[in-house]
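Common to both upcoming complexes is chain A, partnered first by chain B, then by chain C.
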Partner chain A sequence: MWRYFFRRVSLFLATTLIMMAVLFYTTHLFPVDEHYALSGVQQPTAEQIEQINNDFNLESNRFSQFLAYVQQRLSGNMGVSNNSQQQVYEELKTVLPASFELSLFSGFIALIFGVPIGVIAALSKNKLVQRSILGLTLTGYSIPVFWLGLSLSLWFGVNLGWLPISGQINLLYQIEPVSGFMLIDTLLSNSTYSQQAFIDALMHLILPAITLAVLPFTLIVRITRQAMLQVMNQTYIRAAEARGLHTLKIIIRHALPNAMIPVLKSIGIMLGSFASYGIVVEVIFSWPGVGSWLVSGIYQRDYTVIQAGILSVSLLIIFLSILIEFVHTAINPMSKKELYATY
Partner chain B sequence: MTVFLKQRFHLMFVCLSGLLLSACSQATLPPGLVYCSEGNPESFNPQLVTSGTTIDATSHQLYSRLVNYNPDLGDIVPGLATDWQISEDGLSYTFNLRQNVLFHQTQRFKPQRVFNADDVLFSFNRIIDSQHPYHSVSRTGYPFFQSISFEQLISSIEKVNDYQVIFHLNREDASFLSNLATDFAVVLSAEYAEKLLKDGLPEQIDLQPIGTGPFQLTQYIKNEYIRYIRHPNYWGAKPDIEHLVFDITPKSTARIAKLITGDCSVSALPKAGELAVIDQHQHIKVDAKPGLNVAFWALNTQKPPLNDIRVRRALAHAIDKQNILDVVYNDIAVEASGILPPASWAYSKNLTSNEFNPAKAKLLLEQAGVKNLDIDIWAMPVARIYNPNALKTAELIQGDLAKVGVKINIVSYDWSVFTQKLASDDYDSVLIGWNADNSDPDNFFTPLLSCAALASNNNRSKWCQADFDHLLTQAQKTTVREERKAFYQAAEAILSDRVPLIPIAHAQKVILKKDTITSMQVRPYGGIAFAKIVQNPQESN
Partner chain C sequence: MPPIKIYKQDYIASPAGRVWKAFSHNPFALIGLWGVGFLLVLTLLAPFIAPYSVNEQNQQILLLPPSWDPLGHVEYFLGTDDLGRDIFSRILHGVQLTFGMSLIIVTCALFFGFIIGAISGMMRGLKSSILGHLLDGLLSIPSLLMAILVVAVIGPGLSNVFWAVGIAMVPQFIRTIHQAVHEELQKEYVTAAKLDGANDLQIFWYVIMPNIWEALIIQVTMAISAAILDIAALGFLNLGAQAPSPEWGAMIAQGLDNLLLAPWTVTIPGVAILFSVLAVNLVGDGLRSAIAPIRN
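Moving on, here comes the complex of A and B:
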């Protein structure tokens, strides 16, 4: 197991290095001065140029430049934003939690609804139920997320006026950022309007979270259903049934844990597309997260923001997919067996 | 088994929908108002800018002026100056200042004294005295004051006592008081400036503003919001709203969405095409007021065949302005007969304009002896408050002129290239406009059509007439409003006769607001003001 762990860790490091090499290479392709692209300082003074030269080893060869680049970026020196002239790292710190909040909430919705519905689809003897669930998930899977986001905001926001469709909270609530998660911060806030602020933040979260949740939800339903169908045909399930166990107990204790393993794997595979969907959703709903920050950076040719956005998002995806793969192996006896058979 | 599961899900569904329903009940908001603004302010000092976005965020919220412009009656009313006298020769203006006016108090700065003459001296000497320690603190200069040659106009500012100052001018200027009433001529705190200079942070004066306005700044986060709180010791009528937030939302559709869903109560600059959506929502009101602007088609009077007055008159008769108003402006504009908008005090309804009459246009062209006329028309690529869609306007003009046998070619470039080329190139005609900085009617003539403007490339018609220039100088010299009005009417008549440009429309200033806002003033020019806004506490949804 330890060997496997170290193999994963080195895979993580190698992928990260390759990604940083690509970023480093493309940074030099930006149609602007090197100093500007790396640090974001507009019209740097002579001292600033020297500082940048020192930081990024610009006077020596490409390889040591790359090493300096990796060192600077990983230690948090992302430069200043070309447009706002504020530290990119500070901006990243304010936008990342908002994105986490949105994606965690969506993931939560997808799991809470996806797994039970997948189980129903697998166990139901009713053809109508089965087919309608499958039909609905296929539809959900095929709907483009930008269309869905716009339609939901048109129906529930503009036409019905039920839910807000833009931003994270009504700005009249003054919430001091503590954790960066708006829902938590509203509860921690000691203003008299703390509870109303929480409800308002929740209302703002609903539509973007549902839009973002559709993709993982449909995938989870379909994979859970397939896995359940397979597991329920296993002999140990029939043995449990023969012993007269309650069906619910069989599902929860014996079937689900095994069915969840392929679901976990598919979540890991889905992360990349989930992140790009997240960016689209953030732009549609003006959610102040990494996605809309990155997109506005791209529109304004904000080179340091583009680098930092790509770096942080891809680092996260690499890290999480490797983590999920590792957990998958750790809890799956089958793959553990494979490991020991091979090594 | 499925029955059991179904029961469980049923229960879960009920719980979740209960949670949602409880959330749906409208939350009560803290007392205050959110305004969806269109962009970030460049600075918090209106002296340094001309951009409307910055003026909106600063001038009427954070600061007060010596005198104010009353949009209803169009006259000058007291601000920080309670009254003023103008000397016989028109060269010195004596202001008596208001007493017991308090500056904002923040964590960084606790004012030790009330507003007095030193603050006035500081605020204006900063602009006119190039030796002043604060003169070059801002690297942007003072664009508005430079454009009206303020430095050359003022010879000195004299402090008589703590509550009286005299402005000595080098020459008579009837628009002086109007210029003091603009959004740019705000009063800063001299005490704060001294403290900052001592701390070695003079540039903070424009970033951490201290003023005497109805609101004070509490927090600004770029691209997100600006927060203000009511100034507890404001000298004027106490504002109704306690918290004021500017929600910075650059996308026009997003601003409308926020307005509909209640995230903001007032919203800026809607596009004409989006107003149809607003009509479907009963709780949103459109407030439109004629603005001080004009969109026009400038004809290059130095280039044949447009140097022929008959051709220019023919073009003026050939354009169906009403059609342009319907299509381009969605009726959020009034037809322009002259260059002065109805909101200006020098405007007169009696001005005879060149009416829409294609037959007359054909006749005039025949008289001029031109056939197969072929004209280039340059159209701005971007929306401006006076013309939301110049390309569309150009297409409509193209259609109108085809009917009288004139061929039009539409030319357009990117905005920056467009303005550059306009300064250097030999164009036939251009669709452009003008947005006034102040309420003085001179603002529509001298910068646009005088011989001096020819040198600064602002005179898009390349038109220079001695008699017209003489009229404008005479109008500047007198301070009697009726006389000035007569001069400007004469100037309008000349324009209508010689047609160096064809006025098209005066766009209205549009503000969207929720119906809970019971009283709000849309000013015809300059920035938005929230001090007098009254909000009905009852939520409409």
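Moving on, here comes the complex of A and C:
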């Protein structure tokens, strides 16, 4: 297991380096002055140029420039945003938790609805139920997310007026950011209206979270169904049935843990498109997360923001997908066997 | 003339024939196939069918509802947008941009992905690992972020969508083909061919290739649907096709200003995207379930 762990860690480092190299290369392709692209200061003074040259080793060869770039970026020197004149790192710290809140919540929705529906689709003998669940998931998988978001906000936000459609919380509430997660912050705040603020934040979360949950939900349903169909044909399930166990117990104790393994793997594969969808959803619902920050950054050609956003999101995706792959191998005895038999 | 049957013998269909038989027994997959065929025909013939040209404006009728609405007019079948342009014609022209473009992107990505994936799949050890994982770094950048990076360098535009989506798609093909080739290489019939003295090229082309077609086809259908969604999403975010273009995502972005007044300017392109992605996915799904029992 340790050997495998170190192989994954080295893969993580290698992928990160490749990703940084791509970013480093494109930074020099940006149609602006090198100093501006690296630091975000549009008209640097002589001292600032000196400082940037020092920081990024601009006088030496490309390779040591790259090393300096990696070192600067990873130590948190992302430059200043040309648009807001704030430190990009500080902005990143405020937008990342908001994105986490949205994606965790919608991932949670997708899991708690997706797994049971997938199990029902697998176990149901009724053709109609199977067909309608499959048809529904295929449609959900094919819907363009921006269109879905617009339609939902038009129906539930504007026509019915049930839910707010933009932002993270009503501007009336003044909430001190502690963790950055609005739901937690509203509960932590000791103002008199923290209860109402919590409900308001929850209402703001519902529409974007549901829009974003559609893609993982459909994938989870389909993969759970497939895995359950396979697992339920195994002999140990028949043995459990022969022992006279209750069907619910068989499903929860014997079938689901094995069926969840491919689901875990597919979550790892899905992360990239999930992030893409997240960006679009954040833009539609004006969610103050890293996605809308990044898109407004590209509209204003805010090069430091673009670099920081891409770097942080990609690093997160690399890290999470390798972590999920590792956990998948660790909890799956089959793949462990494979690992030691062949390598 | 039908073949004369002298011997009492069962006709055994070829693998492709069996796949087709299973595929055509699934009505949804057939509907999808008809849909894809329809889109292909439209891609070729759209400019000849469309009643108006893309940017022809009729200032007399702005925001005309679709023809089934009492206020609508059948000459403008799907209504007009805020500049008096016929939405039906724009949708037809958009087929070429959104659907046709996705086909081109997938073909190019398939070409490069196939070459690199096949080479890295046939090799072993560190070399294979390096080639196979080289683009994992790119794979971790979602297609939308890749597009933002490309736009930051060369500015927005439809041709940049090609690069952005294409670059994001190549690693997926490499990974699929690498894995498929690698899996087949472990099997016994490959060893048998090797013992017969086949060289690497022969093993790849005659032994492995016939067995990875399925994985390849499924990946292609998935890639086409993903490419359509990506192109449209980029158009919607104003990073891809720009304003007067009839690309479906860009049409939605243009209709956004009148969403409350004229929801059809947003709904109709959305339905068009949904229809084409659904058709491609139905075909892919049908293929997968047709191939699965034969594979196992």
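We take it that the second predicted complex is superposed on the first by the 343 of 343 C-alpha atoms of A that agree within 3 Å, B and C clash if a C-alpha of one lies under 4 Å from a C-alpha of the other, contacts with A are read in each partner's own complex, and residues count from 1 in each chain.
Convention: contacts are C-beta pairs under 8 Å (C-beta built on N, C-alpha and C of every residue); 3 or more make two chains touch, one makes a residue touch a chain.
This one's a predicted model, so the numbers in the text were calculated from it and none came from an experiment.
Model built by superposing both complexes on chain A: chain B and chain C fit together without a clash.
With both complexes placed on chain A, chain A has more residues touched by C than by the other of chain B and chain C. On the chain A superposition, the C-alpha centres give an angle at chain A of 90° between chain B and chain C, rounded to a multiple of 10.
Of the two partner chains placed by the overlay, only chain C lies in contact with A:Phe30; chain B stays clear of it.
Contacts of A:Val9 after superposition on the shared chain: neither chain B nor chain C is touched. In the superposition on chain A, A:Val158 makes contact with both chain B and chain C. Contacts of A:Ala239 after superposition: neither chain B nor chain C is touched.
By the touch criterion defined above, A:Ser166 lies against chain B but remains apart from chain C after alignment on the C-alpha atoms of chain A.
After overlaying the two complexes on the shared chain, residue contacts for A:Val178 are found with neither chain B nor chain C. For the pair chain B and chain C, the model built by superposing on chain A gives 5 Å as the shortest CA-CA distance.
Comparing the two interfaces of chain A, the one with chain B and the one with chain C have residues 158 in common. Only residues 1-2, 4-5, 9, 12, 20, 22-24, 27-30, 32-34, 222-225, 227, 243, 245, 247, 249, 251, 254, 257-258, 260-264, 277, 281, 541 of chain B touch chain A when the two sit together in their complex. Within the complex formed with chain C, the chain A residues making contact are 11, 14-19, 21-23, 26, 29-31, 135, 138-139, 141-147, 150-151, 154, 158, 272-273, 275-276, 279-280, 283, 294-295, 298-299, 301, 303, 306, 309-310, 313-314, 317-318, 321.
Residues of chain A that touch chain B in their complex: 84, 86, 116, 119-120, 123-125, 153, 157-158, 161-167, 170-174, 191, 193, 196-197, 199-200, 202-203, 206, 247-248, 251, 286, 288, 296. Interface residues of chain C facing chain A in the complex, by the touch rule stated above, are 28, 133-134, 136-145, 148-149, 151-153, 225-226, 229-230, 232-233, 236-239, 249, 252, 256, 259-260, 263, 266-267, 269-270, 273-274, 277-278, 281-282, 285.
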